[in-house]
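Per-chain residue numbering starts at 1, and chain names A, B and C are given in the order in which the chains are listed.
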Amino acid sequence: MNREDWTMKAKLLKTSAALAVVAALGSVSAAQAEDLTLCWAAWDPANALIELSKEYEAQSGNTMHFEFVPWTSFADRMLNELNSGGKLCDLMIGDSQWIGGAAENGQYIKLNDFFDANGISMDAFIPATVVGYSEWPKNTPNYWSLPAFGDVVGWTYRKDWFAEPQNQADFKAKYGRDLAVPKTFAELKDIAEFFQGREEDGKKVYGAYIYTERGSEGITMGAMDVLYSFGFKYDNPDKPYDMEGFVNSDKAVAGLEFYKSLYDCCSPPGMSNAYMGEGVDAFKSGQVAMQMNFAFTWPGFNTDPNVGGDKTGYFPNPAGPDGEQFAQLGGQGISVVAASEKQDAALTYIKWFAQPDVQAKWWKLGGYSALKAVVEDPGFATSQPYAQTFLDSMAIVKDFWAEPSYATLMQSSQKWFHDYVVAGNGTAKEALDGLAADWHATFEEEGKY
Amino acid sequence: MSDPMAHRIAAATPPALAHRIRGLSDRAIAWVFVAPTIFLLLAVNIFPLIWTIRLSLTDFRTNRPNNPVKFVGIENYRKILTDADTWLSLQATAHFLIWTIVLQVVIGFALAYLINKKFRGNDLWTTLIVLPMMLSPAVVGNFWTFLYQPQIGLFNYVIAFFTGADPSSFSMIGEVGLAPWAIVIVDTWMWTPFVMLICLAGLRSIPPSIYEAAECDRASKWRQFWTITIPMVLPFLMLAVLFRGIENFKMFDLVVQLTGGGPGATTQLVSIDLKREAFEKWRTGYASAYAVILFVTVFGLASIYVKALNKVKDR
Amino acid sequence: MSFSITDPSRRQKWIAGILVVTYAIVTLLPLVWIIATGFKTPPDSIAYPPKVFFSPSLEGYVNLFTSRSRVTPEDLAALGPPATWYDAIVRQYDMVITGPSRYGERFLNSVIIGFGSTFLSVFLGTIAAYAFSRFKVPLKDDLLFFILSTRMMPPIAVAIPIFLMYRQLGLNDTHLGMILLYTAVNLSLSVWLLKGFIDEIPIEYEEAALIDGYTRFQAFYKVVLPQAATGIASTAIFCLIFAWNEYAFAVLLTSGDAQTAPPFIPTIIGTGGKDWPAVAAGATLFLVPIMVFTILLRKHLLRGITFGAVRK
C-alpha cells in the first residue's frame, strides 16, 4: 500500500473515530451499566489488572469481564478473533507487533481524537512505548492504543552465587577480573562458562538460560537481543525493506553464532523449546546462574521462597563487541476493538486507566506502567530492586517488525533460528541469508518493492 | 408379546400383505434412522470441505478481509507440492505414524493376549491400564514437557536409574535424534490401551470350541496361535490400525504441546505445518489447498485399506 | 466354570499376571506423578532433582480454584490476619484471593458438552447403525465409507469455515454449537462400532418378534436395544473420551461461555512461570468423572467389546 492510500484510509478512519468519540461523550451523561470484556494474555500482570479494575467498576458502574489466553496461543486466538470481526473483546491489550495489521485492517479504533478530547498526551509516556505500542505507521502521530504495560527483555542473576568468596576467587584466577555483573556479551559468556557444570547449593548448575521456543516467538525474542547489540539491522535505514547486507551482515552472522555458542556451551540441558515459563522454572529451581527473561517475571522472583529477596539481582541486556547495546521490547498497549458495540464504554476505561494515580497503583501491583510521571518519580528507582534495571532497559529497546505481515515474518525467523541454533542445521550465514530471502518474499507479496 | 390384540391382528393378516406393510415401513424407518446422521455430517463436515476446496483456489487471507480475493487456480497446490518443507513434514508424519502403529499393535496385542489368560484381578488391571487414554492429549502433551525436562522431570531420572547414565546427559525433546522418538513414546503410552481393548474384544470373540477342536486334532499351541488366534483377531486389529492411523495422521494437540514441531522442524507434523499456514501466517487459500491435499491423501489410503479390511472380514 | 482343555494353566496365568501388572505399574507412573504434583507446593514441583518424597500441600488446589492478585506489602499488612487457611497459603507470596477462578465454569461446560454430545452421537449412531445393519439402504457401502471419511479431516482444516459458518448461525461459542460439532466428529466411530455390535445380534430374534406382531419400532426398542446395551455402553465411553478431551476445536472455536476445560488447564499460570501443581490438580480433577464413568461401565467396556462372542 502506498503513502497516498494510507493517508486516505487514515482520514476515513479518523472521521469514524471522531464520530465514535462524539457518541461516547454524548452517552456519558446517560451512562448505563455496561458489561465490558477485556482480552489479554494469561499471566501475572493480567491478574493484577483484575484487582486494579475493581476501582473502575466502582466508579463507572460498568462490569469488567476478562478473557485471558496463554502466551503460546494468544496471538492465534486473538488474531482469529480480530480477523473474523468477533465481538468477544471490547478492549484488547494486543501484542505490540499486531498494531500494523490491526490499524490497516481497521480492527482497532484510532484514538487521536479521543486523546485530544480528553487531554491525554502521548508525551506523557515513555517514548519507546509510544512508538512500540501505539503508533502506526511508526514514528507518525497516529495512535491506535494507549501504552498499557511496558516490558523488555533483561537478565536476572544469582547474587548469592556471584558473591560467594570461593566463586569470586576461582573466577578471578581463571579470567583475571572480578566476578561481577557482565557489561558485554563476551563477559556474560565467560560467566556462563564458569558456572556451567559447577556445584552450587549441593547441585550441579548451569550457566545461562536463554529463549529457544519454536512455536510462537520465543527464539526470535531471545536471539534478537544478541543480534541487535552485535549490529543486526532489520533494513537499510535509507531504503526501507532493503535487507541484503543488514539482516545478513557479518555482524549479524557473528551475533547469531554467538547465540548458538551460548546455547551449546552454557544453557541447561533440555532447554530446547523454552520460553518465559521454562526460564522462570529453571531460575527458581536453582538450575542457572543467569536467566534471560522479560521484566514482567521479575516481581515473582522477588517474593519467591527459594530465590527471593537478596538472592536475585537484575541487569540489562549487555553490549555487543562494538559497544552497541539494545534490548528486545515486549509489552503491549490497550486498544478499543472496532467490532465492539460498546466502544464508548470501552473508551471510558482507557480514560480511567490513563490517570496518573491509577498508573501509580498499577506499578505497585506489579504492572509496569509506561507513564513518565510514574517512572520518573524520584522514589521509583528504589521502590523495587528491579526498578532501575527496568528503566535502563526501557531506554535501549528495539522491536521486531510490526508490519501487517508480522506473523509470517515471525514464522520465518522462528524457523531459521531454531533450525540453526537448536537443531544445528547449516551455518549462521545460511540461516540469515535464508531469513533475508524469506522476508524479501513476504514483502514482495505485500507489494513493498 | 403381551398384547393379545397384536397377536390376533398378526394372525389375521395375510402374510404377503404383512410383508408389504413392513417392507414399506422398513424403508421409511431406514431413512428416518439414517437421515439425521447424514444431515449432520453434511452440515458440519461436507459443507466446510466444499468451502475449503473453493478457498483453496484463491489467494484469500483471513487477516486481510479488505483485500480483493483473487482466483489463482491450482497455483497453491503447485506451490505446496514443490515446497521442500511439505515433504519434510510428510516424512516426520510418516515416521510418527509407522512407529506408533507398530509399537501400539505389538504391545497392545501382547497385553490383550496376556489379559485373556484370565488371571485373577485381570479386570482391575485392565481398567488401570486403560487410564492414560482417558486423559486430554493437550494436557498430556503439556505435562510430558515437564516429565521430559532433564533436570526437574521424572523421565530422565527413571532412565538414569536403570542405565546409570547422567539424567542431564540427554534431552528427549531437545535433540534432533531423540525428539521424533519422544513423541512416539508419549503417543504409544497414551493409546496402546485402545489397541489392547480392541484386540481383547477380538480374542474374546473366538469361540472356545474352535480351540477345543484344534486340541482334539493335536494341533500345537504355536500352530493354534497362527491358524486360529491371529486370523480371528485380524479384522479387529485392522480396525484398530485404521482408527489409530487416521488419528495420528491428523495428530496435532499432543505434539504441538510437547515439542511445538521442534527442534527445527524435526517433529513438525503435517497438521502443525498446516496450522502455522492457516492460523499464524493466515494464508487461508494456501492452507485450504494444503488441507485438501492431506484429505485426499488420507482418503485414498483409507479407501484402499478399507477394501482390504472388508476382504479379510469376508474371508 | 467347568474345566476345559483350552483353559490356560496356573503357570501361564501367573506369568501373564506378572507381565501385565509390571506394564500397568510402568504406564501408571506418569499418571501417579501428575496426581502427586497436584499436592506439591510450586517450589517442590520444580525441585531439581525431582522430589519423590515431599510434604503434601493443598496449594495447587487453592490456586486452581481461586484467582489471586499481588498486593503491596503495606496493603497486605492493613488487611489483618488471614481469615481462612487458604488465605494464609496465598498471602505468603504477597498475594490475596480476588475471587473464584474460571475452572468451575470450564469444568461444567465440559460436562454439558461432553455428555450432551455423547448422548446424541450414541443415539444417532445406534439408529443409523441399525438401519445400515438391517435394511437395504441404497449405496450402503458408499455411505458407510462417507461417514468414516468425515473423521479423516484434520480439525485445523475445517476450523476456519466452521468458525465463519457458526458466526452466521449464532452457534459460535455456544454449548449447542460444540455439542453438534463433537457429535458430528464422533458419529463415524459410533456408527462403525455399533454396526459391528448390531450385526452380531442374530436377526432371528427380531424376526421372531415381528412374527409375534411387533412393529419394527417395537422390535428395535424391545429386542435389539437391550441386546446392544453393552455395545452402546462401550461406544459411549469412546465417544465421551473424545468429546471430554478435545482441544483443537475448543481452543479455536470457544472463548468464553462455552469453553471447555482442556484449553483452560494449560493456561493456569502462577507467578511468572507455569503453576505446575495447579495444572496437575486441574488435570487430576478433570480425569475423575471420566474415570468414574469408565469404572461404572467397566463390565460393559470389557465384556461389551467381547460381544462378538455370540457370533453367527
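Descriptive notes on the structure:
The rule is short, and it goes like this: contacts are C-beta pairs under 8 Å (C-beta built on N, C-alpha and C of every residue); 3 or more make two chains touch, one makes a residue touch a chain.
Every value quoted in this text rests on a predicted model; they were computed, and no experiment measured them.
Between chain A and chain B, the least number of touching-chain steps is 1.
Across every pairing of chains, the maximum count of C-beta contacts belongs to B-C.
Work out the mean CA point of chain A and of chain B, and you get 40 Å between them. If you average the Cα atoms of chain A and of chain C, the two centres end up 37 Å apart. Centre-to-centre, using mean CA coordinates, chain B is 16 Å away from chain C. Each of the following residues of chain C touches two or more other chains: 46-49, 251-252, 263, 266, 276.
For chain B, the set of residues touching two or more other chains reads 62, 151-153, 279. Among the residues of chain A, those in touch with two or more other chains are 76, 80, 84, 281, 285, 287. Within the complex formed with chain A, the residues of chain B that make contact are 62-66, 145, 148-153, 156, 168-176, 256, 259-266, 276, 279-283. Against chain A, in their complex, chain C makes its touches with residues 43, 46-49, 67-72, 92-94, 96, 98-99, 163-164, 167, 172-173, 251-252, 255-256, 263, 266-267, 269-274, 276.
Here chain B touches chain C in the complex through residues 1, 3, 6-7, 9-11, 22, 25-27, 29-34, 36-38, 40-41, 43-49, 51-52, 55, 62, 107, 111, 114-115, 117-123, 125-139, 142-144, 146-147, 151-154, 157-158, 167, 189, 192, 197-198, 200-202, 204-205, 207-208, 211-212, 215, 239, 243, 246, 249-250, 252-253, 257, 270-271, 274-275, 278-279, 284, 287-288, 290-292, 294-295, 298-299, 302-303, 306, going by the rule given at the top. If you check the complex, the residues on chain A that touch chain B are 72, 75-76, 79-80, 82-85, 101, 105-106, 204, 213-216, 268-273, 281-282, 285, 287, 404, 407-408, 410-411, 415, 418-419, 422-425. The residues of chain C lying in touch with chain B in their complex are 4-6, 8, 12-14, 16-17, 19-21, 23-24, 27-31, 33-34, 37, 46-50, 124-125, 127-128, 130-132, 134-137, 143, 145-162, 165, 180-181, 183-185, 187-189, 191-192, 209-217, 220, 241, 244-248, 251-252, 261-263, 265-266, 276, 279-280, 283, 286-287, 290-291, 294-295, 298, 301-302, 305-309, 311.
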